[in-house]
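Some structures are shown below for you to check.
Consider the two complexes below, in which chain A is the common component and chain B and chain C are the respective partners.
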Partner chain A sequence: MSGDSRFLGLVYLAPYIIGLMVFTALPFAASFYLSFTDYNLMSAPIFTGLENYVKLFTSDRTFRKSLWVTLVYVFTTVPLKLAFALFIAVILNYKLKFINFFRTAFYVPSILGGSIAIAVMWRYLFADVGIVNMGLAAIGFEPVNWFGDPTNALFTITLLRLWQFGSAMVIFLAALQSIDKSLYEAASIDGAGKFATFWHITMPLITPVIFFNLIMQMVQAFQEFNGPYIITQGGPLKSTYLLPLYIYEEAFKRFDMGYASAIAWVLFAIIMVLTVIAFWSSRHWVYYAGDKRS
Partner chain B sequence: MKLTKLLLATAFAATSLGQVSQAADLRMSWWGGDSRHKVTQEALKVCGDRYGHKIAAEFTGFDGHLEKVTTQIAGGTEADIMQINWPWLPLFSIKGDGFADLNQFKDIIDLSQWSADDLAAGTMNGKLNGLSVSTTGRVFMFNKTALDKAGVAIPTTWDELFKAAKAVKEKIGPDAYPMNAVKETAVLLISLNATQSTGKDLVDPATKKVAWKPEELAKAIDFYGKMVKDGVVMSQKSVAAEGNLNLFESPKWADGRISGSYEWDSTFSKYADPLKGQKLEPVAILKASDAKTDGVYRKPSMVFSISKRSKDPKAAAQIVNCLLNEPEAIKILGTSRGLPASKIAAKTLTDGGKIEAELLKAHDIIVKANGPTVSPLNEHPEIRSVFLDALEEYAYGQIDSKEAAETIIDGVNGVLKKF
Partner chain C sequence: MTDHALSTPLSVDREAEQILKAQRRRQIISATLRYGVLFSVGLVMLYPLIWLIGASFKPNSEIFAGAGFIPHEGTVAGYVNGWQTSTPYTFGRFFWNTFLIVIPKIIGTAISCTAVAYGFARFDFPGKKILFASLIATLLLPNVVTRIPQYLLFRDLGWLDSFLPLWVPSAFAGDAFFVFMLVQFLRAIPRDMEEAARVDGASTWQVLLFIVVPLLTPALISVCLFQFMWTMNDFLGPLIYISSVDKFPVSLALKLSIDTTEAFEWNRILAMSVLTIMPALIVFFVAQKYFIEGISAGGVKG
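Moving on, here comes the complex of A and B:
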C-alpha cells in the first residue's frame, strides 16, 4: 500500500474525527473539569475541588427530589415502553390486510414524538377541558387533574414517552421477522400453544434485540427534557423535575455552570453503572446465535 | 459672514461625523414578536444607509434569549449592539465592565435626551452600560365588558376587587374570576401588597438584604391565600390543570371569565387583542386605605448596550443614536418597544399621533404612581426561583405563610450575598 492510500482513509475519516473531538470529546472533558469549579460564565472558573459534589450529596434537597423523580420515570417508562413496543410488533408481524399502512401509522409518533409541537399538543390533550377528560366524562368518569396534581403529572409525561414506541417497535419487528419459521413449525408439530411458542421460541431468540432496546431506551429516558420542559416546567412541586431539566436550569437560568456540570456527571455515572449492570446481567438472559450455553 | 460661518460649521460637522468611523459590519441582537422584528430590521436598514454601515439582524422570541446572550458573551461572540433586559445588567456587568461605557460616546449619542433617572438605571458601578429604550411597569387592566355583564364597576381598591369576585361568580359563572395571578404575576401581586404596607422594595439598597420582615411578607402571602380562597384568583392547582397556559392564550381570558390582570403596560395590546368585541381598560393601582405607597413596580423595560469587544464601537454608537434619537428611525420603530424613554422619540411619536390611547393611559398610570425604587435584583433568575418555589409549596399546602416567608427571605438573602 502506498503512503498516499494509507492516509486516504484518514482523510475520509477526518471530518467525523474532528467533529467528534470538537463537539463531543472536548466539551466532555471540559464539563468534567468545570464540575470541580465555581463558574458563572462571566468570569474565569475558580477551582473548588469536590465542593459541588459535596453540596449535591449533603445539602441539595432539589437534587435528591429530582434524582428520585428521574429514577421513577426511567424505571416506569422503559419496561412499559419495551413491553408495549413488543406487543404491537407481535401484532404487526401477522399477515393482516393493510399491514404496511399500520406499520407506518404506528411508527409516525416516533418521528414526531420528541418535538416541541407534540409536547404542546400533549398539553392541550390532557388539559382539564381537553379531549382526554372529555372522553372520560363521556364514559361516566370524573375529570382528572393531569398536570395540577403532583401524583398524576409524572404519569402524563410518561405517557408521552410511551406514545413514541415506534422506533423500538420497528427493531422488534425486524427481529421477529428474522426468526426461522421452521422453529415455529416444529413447535406446532410438538403441540405447543401460542403462548408457549412465544415464551420458549420467540422470546429467547429476540433477547439480543430486547437488550439493545433496553440500553437505548434507558439512556434516552435519562435524557428526557422536552416533555417536562414544555408541558409542566418540572412542576407541580417538582414532581416532573427530571435531572436534565435541573441541569439546564442550573446552567442557563442560575448560571452555575460548575454545579450543572457536577449534576451532569452524576447523571452520566448513574447511566454508566446501570449500563454495566445490564451488560453483566445479560450473560444470564441474552442468547446469541452460536452461543454454546445450554 | 454669519452665513459663511454657518456653512463652515455645517461642513465641519458633516466632516467630523464622517470621520467618526468608516463603513463597518455590525450585528445587532434583540428579542421580540413579529411586529418588532419587522420594524427593527426596517429601521436598521435606514440607519445603516445613513451612516454607511451594514448591520446584520439577530432576533428571537423572549424565551431562551437570556441563555443565548449569556452563551455569546461567555464565548466572546456577542453582537455589537444588544437589546438587554434591564434586570440582566447585574448578571452581566455587576462591576460595570461587562459592556462598553456609553459615556465615552457622548459626542455621538445625545445623552441629554434621557432623564437622570433613566441614565442612572443603565449605569453599573459608574459606567453607562445601557441606554433605556422605554420605561415600563405593572398596571392593572380589567375587561370592562365582562364586569359590566356582572353588574360591577371596575375595582379601584382591594376591597372592591373581593366584592367583584362574588359578583362575577353569580352573574358569569362559578369559574369566573376578576383577577389573574399566575407564577410571576402572583409573585408581583404579593410584592405589591408587601410594598404598599411597608413602603419598601424587596431589596434594601443600603444593606443589600431583604427589606421586609418575615411577618410583613407572611401577611402579604396570606393576602394572596385569601384571594385564592375567596375566588378572586384561580388556585395554582387549577391553573396547572389547564396546562399552564399564558393568560393571553387562555380561553377564560378571551371569553371574559377571567376579567382582570396585573401586567406590563407595554404588553397592553397583547392582552387586549384576544378580547374580540370586549373592552380592556388600564386602571390605577389598587391599594388599601392604609397603604404607605402606591408601590408601583416601574423600571426601564430594556436597554441598548454596546459590546465591550465591538471592533467598531463608534459605528455601533451611531446606530444606537439613530435608532433612539433620530426621527426617521423613531417613526419606523413606533411603540414596538413600548413608549420611548428618549425625550425626542416620545415627542416625535406623541406629536405624530403614533401612540395608541390605551397604551398612553396605561403608561400614564405607571408614570404618575409612586413607590420605592425597584432593584433590578427583584428579577434575578435565582431570586425569582426562590420566590416561585416557596409560593408553590404554600399554594399546595406544604408549608404555611410564615414558613414560606422565612424560606423566601433566607433564599433571597443568600443570593443577594453575591452582589
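Moving on, here comes the complex of A and C:
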C-alpha cells in the first residue's frame, strides 16, 4: 500500500534472508574453499590448490568407479521413472471408475519414499529366497542374485525408486486434467487418430511439467543415499557406491573434509551442467501456452 | 460390396449395427487392457507393503518360507522383542525423540514460510527479483554441497548431538519448496479483503494474521504434512548430527537394530519397520487430499 515503507516487505523476508546467508550462501562458499584444502578437523585447513581435484581425476579409482555408477544410475532411473509415471497418468486420465483408489494406491509408495523402513523391506523382498525370486520361480524363471551380483545390485535400487513413481505421476495427471477438452474435440473433428492427438496436442501441452519433473527427479537421483546405504552398503565391488555415499564416508567416517568437499563440488558441477543443458534445450522443446497467446 | 449403394434400408441398419458392435468390442477391449494394467500395477505397488505387515506377524522360520502374507502361526514376538531393542531404551523412547524433532521443526517451518511467502507475494521492495531467483536457486541446489560446512558451523556452535541442527535451518524458511508453494497459493488469492482491511487501518501483520493465514490454511496444512513426512523419513540428517543412542529417532534406531539383530531375528526388524512407517501411513490416509493438492499445485502452477 502507498504510505508503507518500500522496505516493509523485507521485514517479512528477514528470516529467509538470514537463513539464506547463514545456512546456504556461507556454507556454499565455504565448501568451495574447503575443496582446495586438506582439512581433517584436527588442525586448521591447509590450502593445497588443485591437489584434491588432481587426485580425483588422476589416481582415485574409487572416484572413477563411483562417478560411473552414479551416471548409470541417474540415466537409467530418471527416464524410466518419468516414462512410467507418464504412461500410468495417461491411462488414469481416461474417465475410469475407481480413479481415486488407483491414484492413492500408486501414490502410497512415494509418500513412504525415503523411509529406511522401505529400504529394509526391499532387502527382504529381493533376498535370494525373497518373494521376488519366488514369483520368478512360479512363472518359470531362474532366481536372480539381486544384491550379490555387481551387475544387478544397482538395478535393484533403480527398481526401488521406480516403485516410487507416484509423485511424478500425480503431477503429470494434474497437468493432463487441466488440458482444455475442446482441443481434443477439435482434433477428433479434424480426423486425428488417438496417437496423433497424443503426440501433437497432449505432449506439447505437458512439456512444461515434463521439464519440471525431469529437473526435480534428476537433482534427487544424483543425491540418492538411503537406498544404497541401507540395501547394499555400496557393494558388491562398489557397484552401488554412488557419489553421495563416497562423500559421506570421506567426510564423516574418515573426516577428510577437504577431499569430500572436492567430490561434492564435482557432483554439484555435473548437476549444474545438466540443469543448464536442460534449461537451454527447453527453449526448443518446452511449449508455454501463455507465450504464444500474448 | 459393389451393391452397397443399392442395399435395402434393412441391411444399412445391419451394417450400422455391426459398426457399433465393433466399436463397442474395441471399447471393451481397451477398457479391459487399461484396468488390467492399473490392477497389476496396483498389486505391485501395494503387495510389498501388505507382505511387510503380514510378515511382521510371522515367526522367523516362516518369513522366507512362502510368498503369502497371511501368517500360519501368527505371533507378536517380533513386536515384543523389537520394542525392547538391544539398547537400554525401548522403541517408545525413539518415537518420542522423533516427535521432539518433528514438532518444533513443523512449527518453525509453518511460521517462517508463511511470513516469507507473504512478503514475496504481497510487497514490492528493492532486490525482490534477485531474492526470488535465489529461492528458485536453493530449490535446485543439491544439499550435498552445503552439508559439510553446515556440519562445521554446527560443530563450532556446539550444537552437535542435539536436535538444533535439525530444527534451526527450517525455522529460517530453509525449505524453499514450501515458501514457493505458499507464494503460488497466495498469488491465486484475490487481495480485495486485505486491501479493505488496510483501508480500515489494520497493520500488515494484522492482515497476515487475521486474513491471510485463515485463507492460507489448506496450503499450510499441506506444508505441515509434507514436512512431517520428510522429517519422519529423514535419515541422513540424524545420521550426521545425532550420535548418542538416547537421542536417536526411529530411523536411526531401525538402522541400529539391523546392525545388531538382523542375522537371526528377521521378524523383529520387519515389525519395527512396520511401526516406523505407520505414523506416515496413517497421516497420509487421513489427509491424502492435502498431499495430492499440495504436490499438484507446487508442480503445475510453477
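The rule is short, and it goes like this: the second predicted complex is superposed on the first by the 281 of 294 C-alpha atoms of A that agree within 3 Å, B and C clash if a C-alpha of one lies under 4 Å from a C-alpha of the other, contacts with A are read in each partner's own complex, and residues count from 1 in each chain.
The definition used in the following text is that contacts are C-beta pairs under 8 Å (C-beta built on N, C-alpha and C of every residue); 3 or more make two chains touch, one makes a residue touch a chain.
Since the structure is predicted, the reported quantities are computational estimates derived from the model, not experimental observations.
A.B. asks: Chain A superposed: clash or fit between chain B and chain C?
C.D. replies: On the superposed model, which is not a single observed complex, chain B and chain C clash.
A.B. asks: Just to be sure I read the superposition right, which of the two partners does A:Phe252 touch: chain B = first, chain C = second, or both, or neither?
C.D. replies: both
A.B. asks: With the two structures laid over each other on chain A, which partner does A:Tyr124 touch: chain B (first), chain C (second), both, or neither?
C.D. replies: Both partners.
A.B. asks: When the two structures are overlaid on chain A, which partner does A:Leu13 contact: first (chain B), second (chain C), both, or neither?
C.D. replies: In the superposition, A:Leu13 touches chain C alone.
A.B. asks: Once the shared chain is lined up, is A:Thr275 touching chain B (first), chain C (second), both, or neither of them?
C.D. replies: The second partner, chain C, only.
A.B. asks: Residues of chain A touched by chain B versus by chain C: which partner has the larger set?
C.D. replies: Comparing chain B with chain C, the partner touching more chain A residues is C.
A.B. asks: Which holds for A:Gly148: it touches chain B only (first), chain C only (second), both, or neither?
C.D. replies: first
A.B. asks: In the superposed arrangement, does A:Ile201 touch chain B (first), chain C (second), both or neither?
C.D. replies: The answer is neither, since A:Ile201 touches no partner chain.
A.B. asks: Touching A:Thr232 in the superposition: chain B (first), chain C (second), both, neither?
C.D. replies: first
A.B. asks: Considering 170-178, 188-196 or 242-250, which region of chain B has C-alpha atoms that clash with chain C after the structures are aligned on chain A?
C.D. replies: Stretch 242-250 of chain B has C-alpha atoms clashing with chain C.
A.B. asks: Please write out, lowest number first, the residues of chain A touched by both chain B and chain C across the two complexes.
C.D. replies: Touching chain B and chain C on chain A: residues 124, 127, 129-130, 252.
A.B. asks: Mind listing the chain A positions that touch chain C in their complex?
C.D. replies: Spelled out, the residues of chain A in touch with chain C are 1, 4, 6-13, 15-20, 22-24, 26-28, 30-31, 34, 88, 91-92, 94, 96, 102-109, 111-118, 120-122, 124-125, 127, 129-131, 134-135, 138, 163, 166-167, 170-171, 173-175, 178, 209, 212-213, 215, 219, 222-223, 225-226, 229-230, 243-244, 247-248, 251-252, 257, 260-261, 264-265, 267-268, 271, 275.
A.B. asks: Which residues of chain A touch chain B in the complex?
C.D. replies: Those residues of chain A that touch chain B are 41-42, 123-124, 126-130, 145-150, 153, 231-233, 235-238, 249, 252-255.
A.B. asks: Residues of chain B touching chain A in their complex?
C.D. replies: 66-67, 70-71, 73-74, 91-92, 98, 236-245, 381-382, 385, 389, 392-393, 396, 398
A.B. asks: Which residues of chain C touch chain A in the complex?
C.D. replies: Going by the criterion above, the answer is residues 34-35, 37-38, 41-42, 44-46, 48-49, 51-52, 55, 63-64, 66-67, 112, 115-116, 118-120, 122-128, 131, 134-135, 138, 140-153, 168-169, 171-174, 179, 195, 198, 204, 208, 229-230, 232-236, 240, 251, 254-255, 258, 266, 269-270, 272-274, 276-277, 280-281, 284, 288, 291-292, 295-296, 299-300, 302.
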